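Below are two complexes that have subunit A in common, paired first with subunit B and then with subunit C.
Right, the complex of A and B next:
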């Protein structure tokens, strides 16, 4: 065996494996399953989720619900019996996506004439005429509720904004914007580790940040009963949904 | 529970009830039962034949049907009698009918007077000594006794209760599911008894129901989904106001 200059037997290192990057496969691998299709971990019969999914797929065949994430800017037009042209349009940033199944909702936030406005829409409501994605992007967090306590410039978006064009195969850009906040008090103590927010530029003194870490629960991440592994369920549901939508 | 939208854009909450292996078990005539009308015994979900005595199994052996988890009685008029052993399906009901649903409520165990009967309790501070959720006085001085039926702490829930006047919005004949308006007593996946409504204001709601029941091997071939007239069906385009 070979002896290195240190006079100890050298450990066998296998040669590096060649990595083949197949660009076509990369394009197909990116699949997006809307989060409301994944059923919660409950004692209900899976037949109930199957019936809901059938209804959701039927609605998607007639009306296009685009792919969007929390942090993307959307424009929604709904039928309104009390408006002039019977339709009303609202543009805003999606700060939260909640609910599972047919009752899935999303909240859009915008600041209009110095007044912050948040509207919660139901994805599968028949009153929605159109959903357009003006800018598709992700943010560092899943929940942007802290925008209520941030400076209003981070929540203002032009109502007549033009949709930003993007290519199909590009990855969704993650906006690493760190938001500056209004002076405390805030509606929630966003510096606490419970909310796990990465998108705020905390300008608080060090002692306050250390005090907030007192509420840290590092054992939660290792709690096995809280884990809900959805990978297999997602695969099956993705197959079902994509087959039905292709018909 | 699921949301459902009408053609005018309003949202209603709906409970899904599955008709799982229901069979008619026995016919009891008016004279035998001693009541005003004849009765039909109906059995629910299938269960294992073991763990039960022979005498209880006789009822199921007569009808030629596997052992059922729940057996209920329905008061029936003489023209609606069904032969024991016939299966019952969800298509027995039609959308637009109004229905009463009976089930055992969720058991809450031994509960105090505030949760069980909705008493107000006592204030949290201002000098209250060890008295925040207690019933307070239980009777007057002159009565010199506690009346029967006094509301006191005890076991709450796990009793039969009925929700009246629930509208049927939709019926799925393939999976035997009834979509019933509003909420229904009982926990998820509990056994439930569904009857035609007894409320006088809904007497004329049941127009041309399948009488005495819907027979699967008959000539009628129903579509997979039966909807009420006012429901928004997802195959249609979005709702607009003129």
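Right, the complex of A and C next:
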């Protein structure tokens, strides 16, 4: 206690008000709903998707499936009866996320000893023992299948790399890397507007790029029958999933 | 343009027109020999091609034996990886990989650097010697 010079008790100073950073609110602003929860636009009964979602949530309660995007580097350990110690670990970049519901898959690619290897894993398979996100980031495209025709240095990742630490509330970084390709022929004609790829540094001559634009279909983005607006469905499913997971 | 062209036999696969993966390995598919045998690694003006698949179907997957035509000779080989996607959780390689083998199952080379799928371990009895010289597994 402070002894003042006038020998009167010091005026009571209330302690400074604590600043409460409500992390819950901060987290709410950035929600991530895994793409396999959103049902496709079909004529099937929504009950089927509801039942699948229940099973998916049940699996997520038991096993943690982290948030990741196409372009993040993951390490997956699966149970393998033919491996030493019955588990095998694979590190790679996620190049594609496909499937809806319990059959959702993702493909990891890596180049080991100059040999490109891709493995398709099922997210909800009971054989998966751990999914670790080593580097969480997004790329300019949703589908990185063009990495097969890119120079192998863009698909090589160290098998023993350490997870890159990041804070919870940060935005997911978008890697604006423009990849250089091997000489043509490629497995698909990536320069065509149908693939709409932004992550390749095309070193093709101007005539080839102009010729590729011949296959452009600019009317497709205005086609109203093709539009599938998922915002409301996402909201409902997000509420359902987050409530179930909190229990 | 400025890319190094290695004069190893498997570089043939990048010169000619590349068809997409059809049905794994069948007759006349060009393959890449993965072990360090002399027969597989010495350059020749023609790439090693499959001429027969020891299978009821003419299509070879991982673990099937095929007959290869290399350097004007016939040699048996074991498929250790193909470009065609297989069941989920199994690896898909960027090239059709093959390991040269004798008639009794002994491998010709002494070391395999490229990764081999774990599925081959299921048939440990037939391929034990090939698995013994393999270094990496996927």
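Criterion: the second predicted complex is superposed on the first by the 220 of 247 C-alpha atoms of A that agree within 3 Å, B and C clash if a C-alpha of one lies under 4 Å from a C-alpha of the other, contacts with A are read in each partner's own complex, and residues count from 1 in each chain.
Here is the rule we go by: a contact is a pair of C-beta atoms (placed from the backbone, for glycine too) under 8 Å apart; a residue touches a chain by one contact, two chains touch by 3 or more.
Given the structure is predicted, the values throughout are model-derived calculations rather than measurements.
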Room on subunit A for both subunit B and subunit C (clash or fit): fit
Partner chain(s) touched by A:43 [first = subunit B, second = subunit C, both, neither]: first
Which of subunit B and subunit C A:59 touches, first, second, both or neither: first
Touching partner for A:80 - first (subunit B), second (subunit C), both, neither: both
Partner chain(s) touched by A:120 [first = subunit B, second = subunit C, both, neither]: second
Subunit B versus subunit C as contact partner of A:220, first or second or both or neither: neither
Touched partner set for A:88, first subunit B, second subunit C, both or neither: second
Touching partner for A:129 - first (subunit B), second (subunit C), both, neither: first
First, second, both or neither for A:105, with subunit B first and subunit C second: second
Lowest inter-chain C-alpha distance for subunit C and subunit B in the superposed arrangement, angstrom: 10
Residues on subunit A lying within both footprints (that of subunit B and that of subunit C): 80, 122, 125, 127
Interface residues, subunit C side, partner subunit A - complex: 1, 3, 14, 17-18, 20, 81, 85, 88-95, 97, 113-115, 118-122, 136-138
In the complex with subunit C, residue positions of subunit A that touch it: 78, 80, 82-83, 88, 90, 105, 112-122, 125, 127, 148, 182-183, 185, 187
Complex contacts: residues of subunit A adjacent to subunit B: 42-45, 47-48, 51-52, 55, 58-59, 61-63, 79-81, 86, 101-103, 122, 124-129
Touching residues on subunit B, where the partner in the complex is subunit A: 2-3, 5, 9, 11, 16, 18, 172, 175, 177, 188-189, 232, 234-242
